[in-house]
Amino acid sequence: MAVKYQKSAGLTDNALTYCPGCTHGIVHKLVGECLVELGLLPDTIGIASVGCSVFSYDFFNCDMQQAPHGRACAVATGIKRVLPDNIIFTYQGDGDLASIGIAETIHAANRGENITVIFVNNAIYGMTGGQMAPTSLIGQKTTTSPFGRVLQQHGSPIKVSEMFATIDGVAYLERVTVTTPKHIRNAKKAIKKAFQYQQEKRGFTMVEILSTCPVNWGIKPVDSLKWLEEHMIPVFPLKLFKDTGEFHE
Amino acid sequence: MPKGRITFEYEKCKGCLLCVAFCPVKILYMDKVAMNKSGYNIIKVTDMDKCIACAQCATMCPDSVITVEDITNA
Amino acid sequence: MNDAVNIRIAGFGGQGVMMAGQILAYAATSEDLNGLWSPSYGPETRGGTANCAVIVSKKPINSPVFLKSHHLLAFNYPSLIKFMDRVKQGGFILYNNSLVSETVLVEGVEVIGVPINDIALELGSIQVINMVMLGAYLEKSKIFEDSTIHKVLAYVLGERKAHMVELNVKAIEAGRDFIRKQGLIHA
Amino acid sequence: MPKVLMKGNEAIGLAAVLGGCDAFYGYPITPQNEIPEYLSKYMIEHNKVFVQAESEVAAINMVYGAAGAGKRVMTSSSSPGIALKQEGISYITGAELPCLIVSVMRGGPGLGGIQPSQADYYQATRGGGNGDYHVIVFAPETIQETIDIIKESFDIADYYRNPVMVLVDGLLGQMMESVDLNKPIKKRFLPPKDWATNGMKNHSGRNVVSSLNIDPQKLENHNLKLQAKYQNVIKNETRFECINMEKAEYVIVAYGTMSRIVRSALEVLKEKGINVGLIRPISLWPFPKEAFKQIPSNIKGILCTEMSLGQMLDDVLIANNGKHPVGFFGRTGGMIPEVEEVVRAIERFQETVVK
Amino acid sequence: MAVKYQKSAGLTDNALTYCPGCTHGIVHKLVGECLVELGLLPDTIGIASVGCSVFSYDFFNCDMQQAPHGRACAVATGIKRVLPDNIIFTYQGDGDLASIGIAETIHAANRGENITVIFVNNAIYGMTGGQMAPTSLIGQKTTTSPFGRVLQQHGSPIKVSEMFATIDGVAYLERVTVTTPKHIRNAKKAIKKAFQYQQEKRGFTMVEILSTCPVNWGIKPVDSLKWLEEHMIPVFPLKLFKDTGEFHE
Amino acid sequence: MPKVLMKGNEAIGLAAVLGGCDAFYGYPITPQNEIPEYLSKYMIEHNKVFVQAESEVAAINMVYGAAGAGKRVMTSSSSPGIALKQEGISYITGAELPCLIVSVMRGGPGLGGIQPSQADYYQATRGGGNGDYHVIVFAPETIQETIDIIKESFDIADYYRNPVMVLVDGLLGQMMESVDLNKPIKKRFLPPKDWATNGMKNHSGRNVVSSLNIDPQKLENHNLKLQAKYQNVIKNETRFECINMEKAEYVIVAYGTMSRIVRSALEVLKEKGINVGLIRPISLWPFPKEAFKQIPSNIKGILCTEMSLGQMLDDVLIANNGKHPVGFFGRTGGMIPEVEEVVRAIERFQETVVK
Amino acid sequence: MPKGRITFEYEKCKGCLLCVAFCPVKILYMDKVAMNKSGYNIIKVTDMDKCIACAQCATMCPDSVITVEDITNA
Amino acid sequence: MNDAVNIRIAGFGGQGVMMAGQILAYAATSEDLNGLWSPSYGPETRGGTANCAVIVSKKPINSPVFLKSHHLLAFNYPSLIKFMDRVKQGGFILYNNSLVSETVLVEGVEVIGVPINDIALELGSIQVINMVMLGAYLEKSKIFEDSTIHKVLAYVLGERKAHMVELNVKAIEAGRDFIRKQGLIHA
């Protein structure tokens, strides 16, 4: 008899505070599993950002700091520079990373800070009640785009990974999703690689994960997965944007 | 011969149905009556013997509710 | 009606507690009284308990918060336990005895169980438990005209949910009925 | 005109429009989200401007730009968001531009919590931006008063060419009350905005909006001009209410939600035979020092009450100037005091006197 | 007898405050000339940023606002939204735009704000006395990189135009320089096109202009032009990054 | 040990290192640029951390991160830059992290000017971030005192787990004085930083740094804990100097550069036969109220002097509590008063009394 | 026949020498003695008749000091 | 030397005014006196006027700024005009009469023209006008030992500019010489 799947030791015993079916939870598991499998928990300091994942400092089974909205990468930089041998990751939503925090994220990337960014893109501001995010899709109705996102008024959804692919300091960058077990396995590979690269001090690593927000999309959890695949992936294609080379063990 | 066994940490289940949707052998369903303390209806198994221990359910579960065991060697 | 009535409505998130309270505040406004509705969410951001406070007053309303209410509408057990000692002498409590099996006694306060889940299920929609409770409350308190409530309901549901008005009115009526019958038994 | 029931935040949005708001620039933050949400619909429907900025810093600078262009513009935010706007606010005062800033306070410090608080009194009245500047700060206690003040605030801002901040706690933003939207507001003569940067075709000469004065003597002169303006604001816009002052044994000072709770406490205290008066500052800057002249000389003390831990207390101590013993009662972090707590605070006041 | 060249009416009579030989002055002339030639002065509101060009509100012969450091594009957005038919431009240094102001600039671009950004990249913080800019070159000694910019410590010089080329809302984007009369003519064409596109309401337009800082580079003005060509252009190649189409008169 | 001549800003950098600084995170702004410039060389040469951040907002958050990781870290900035740090500072106090913030004041508001000023007294002492928090603020008057205080400030910050701000005007940053770098500092027992987030391998259990308390009762409790700490700070860290107090007819209150000018004025006044005392607050928060107890009861009045237009005046009025007439003299916008102006201000004091 | 004439707004000259460097006929030079009020040495012309009115000097001048006239039709 | 000497040095940016002042402050420190140097730049950020204030004092220095100085070193005409009325009775002014053709009289203050540009040009470097002025000042004031100044000079110029020490010393000597000769003429 063998345990084929169980809760990761990378997560604490606290019940997650996410809504039913929210894939933030899946991403949490993957991060936890990677840290355990790489034996990194004792070295790791995670940065919880402001968003639904703000409470993630209660969930990841490692040292954690909670960062002001948008500033996770600055906080991570602060820590990494004084503790260069520890593993530092941020966990940020699209509002946190792509809107208020785009400057801090770009500059951490450009400096080649040796940190890992877990970027959970759900095309909306989950925590504050479903306002438009810079990643919201054209036509998407949100509480602050009641007539849908309009190109002329709001611009296109911002393509973070496409933009970051132009930045020299980025060592690894991939966009993945977690809508099926297969996608989840790929996502896990990406996250693991990002952490491994950080171990090897290769520079800035980021994994953009397309994620659902059933509650604020107003779509049932299972259907949310389909909505994501049908509407988000065409705008945010899954892709390996940058990989500075094979991992050498 | 039964292959897999799954167990639930029910108090953490939120009834999102992701596990149900992804079980290839369709043995999971929501019990419309049974509720946990948080008020969520929980998930039950129709026929555990059909479980193939593929862990699709557990992989999809955002709340790490499900443990999957391979019992072929048991 | 007193010069001012304080009503507390409490339950799980998702039971329609907030909306029930708002309807009372709308009704007050519509009858040219002063209405105040104020929400309070538990520390858990989602899926936790929720309660709201409603004040209906002939005079301008001072404190928006109150320790003790005249009336308590408790939609579940935790709410009942939490707030039952915070009802004024001479006031009353309506609680959801579909979910609460225990009987409670509060000195100087009338405590009435209303099986709102059961009544709502009978009407074919668990969604309307708040309207059942509201109906029971309206009957018990006699605080507003029937026509006021119907007007408010139409307004609150709006065009998009206009088709729901009928079901809601039915639920309110069912709540009222329950109290009317109760009255008879007690009498 | 019949009253309507409105949520504080939505009322703020609508009142701003009634006050002539041309444009809103903001960023989501609890507990003020219903303001941008309401306006994201209303402004677009009425061909006005609504922009969800990328951050609070961007939002206040959009306000700075549009205010410089001569429009009536506003932003709203909550505690940490207002902190991020401090540099921009300092620029706006320095460049003498009018605008409306709505601050809906939650518990702090840092990320704190999302429940109602008054712990941003310093933030509002003492700035946090740089330099010798002031923001005109009003703190209404009901949604009705919030509406009335917001409607007037663009006029006040335009008149003085200075930002006006309306400061409420999250409870006022989240609750609903019966309100009359059509109360008339004071008429003011407003000079034309001939300084606005709306293109030279619209005015003679070149208009420049700037807060830079590299020559310190010019910068001092500019500051002295600002101070003269602030003196005018103090003279004309100081607002307060005195309640039950004549036979008071004690006087409570309270604003916003706290003053409503105190009003209820006064009734309870009266029943208990304790006569307590209330000074309710409506303008927090300028702080209504003159209200303290109405305090009967034989009172036993002044109790400053806040949903914070002693910030307005500074202004109360300054206004009191040693005349009466001053005590303090406060809750913080999102805890709203019960009426009974205020009653008890008065009862044990003697122990808590601040010398 | 014909005047072949004279001071542009797009500039005021005030003497420029730039150091001798600083090419900020050349860029000023070009902006002034374009506005005059397009007849736009009466419609234009310029945004002076914080940097050596902070006093440009005294130089451009149109309405001007002075913006907080880095926030020029937010200020411009504020104005443009309430005055959509006016012409709005920002004039920003590399510190202002690429460092503290990168978020505001990216989001204005992403919203497709119909404004023109004149981006003067001199690879240094001029006004504050020669500190390292995000655009400073590897090896470049500045007052805050006394040992030269080091890749591992500071990252590569950030390539703003390369990054902005990935943003949908950008209608026109070109990198030019002003080191020779020929380059100056090209730069002028680019600036003119940017303003024309704005007139046609096509979206966000930006011209990145490689410029000198003789004083803080510690290089004489004439030699600075050569230094720029030899050291900056290889890192920041002159290029038309984005052009949404021909200008239709 | 012989003295050396040092520029204020460079002395600040060096003193911070002598105080144990592990890392500096900052962003250029006049008139404090020599601090990062000095440290960009020194820290790298000594294998410590220097990072020029992309903005002041980023810098203060890097400080937040590294302070949370248990290191001794600092940032420095000037007026508008400090405004941008207010949110971060509020977080740091909320999360109870130690750090050093150096603020070198210039003229405001807005972009203002670059000449020395003291107009950021409110900014320093009343925050501008959100919530009921305090930063410990010291305002030295000489470069020597700046060095001594900076050297001690990491200990103080660590002891209380609270940010310490050292507030100087641009003149102190820009000028040079003869200083002794080796004056000993007070020894304190510092508890180990067992709360630091430096990886679980370095401590037992999981460490979390956060300012979030979603439950208002917990947030209030946290605030009450902070208040208790602040009371300790008030008790232990209030600093001031009283000069020439015994036979004073008037007392001047002044800090920083202003207090040095006043010292010179006292000499001139003495020659003129006017005996004037000086209260020099060294800590601005906590403000040295008890210094006012040393004022002879028969003085004619207190003159508050600032290189700003009446900000410390609030604290002077509170400390005085109505006892003596209070007057004000100030210059602003980068204008540094001459000694003679202070002399004249005392001479015409009767006219300027604030009642 | 002379083709061009250039004039200087001397008070705005900063002596940066950009004009000098770009004059194709090399007729510009800095006067090491003459100074304007700001203390900058100013630029003089050796032989105006050689000027071809190409405006290279003026194009390069950051301070818009130089006006160039084509005098061929004069 | 007085208990404290206030010196103001003023001129165009680029004339080495600031460095001259710093050398005096370094010298004070080196002789175990208290030295203070404080700069003041005109409103124009670049190319404008610049001046600095130096205080050399046996006691701790109070006000870092002063209205009137004991000594004024004026490198150009605007500086002379601006500050000549701000010299104490009994003090002196040294001004650059290479650039200032006008003669000025200030009651109770000795005013001495020093042709620092000319002297510097004679030495082959216009750059050292500040050292010429410094030399003149040192001679006139007798404030510091020669050896102190040489030590400070070596320190201030550092390794990178060590080769400049000689020229600078020469310039100082030339300035001293000028005053010495002046003294003779006046005597």
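Each chain gets a letter, A, B, C, D, E, F, G and H, in the order it is written, and its residues are counted from 1.
Here is the rule we use: a residue touches a chain if its C-beta (ideal position, glycine included) is under 8 Å from a C-beta of that chain, and two chains touch if they have at least 3 such contacts.
Fair warning: this is a prediction, and the values are worked out from it, not measured in the lab.
Counting only chains that touch, the fewest steps needed to get from chain D to chain G is 2.
Distance from the centre of chain F peaks at B, each centre being the average of the chain's Cα atoms.
In terms of their C-alpha centroids, the spacing between chain G and chain H amounts to 38 Å.
The geometric centre of chain D is 28 Å away from that of chain F, both derived from CA atoms.
Chain centres here are Cα means. That of chain B falls 38 Å from that of chain C.
Contacts with at least two other chains are made by residues 19, 54, 66, 68, 99-100, 102-103, 107, 127, 134, 154 of chain E. Residues of chain G found to touch two or more other chains are 14.
With touch defined as above, residues shared between interfaces to two or more other chains in chain F number as follows: 54-55, 57, 80, 87, 91, 95, 110-111, 210-212, 214-216, 218. The touching residues of chain E, when paired with chain G in their complex, are 1-8, 11, 15-16, 18-26, 28-29, 180-181, 184, 214, 220-222, 225. Residues 4, 9, 11-12, 14-18, 20-22, 40, 53, 55-56, 58-64, 66-71, 73-74 of chain B are the ones touching chain A in the complex.
The part of chain E that touches chain F in the complex is made up of residues 50, 54, 66, 68-70, 95, 99-100, 102, 125, 127-129, 131-132, 134, 143-147, 153-154. On chain F, the positions that touch chain E within their shared complex are 27-30, 33, 36-37, 40-41, 44, 52, 54-56, 80, 110-111.
Listing the residues of chain H that touch chain F in their complex gives 22, 25-26, 28-29, 32-39, 60-67.
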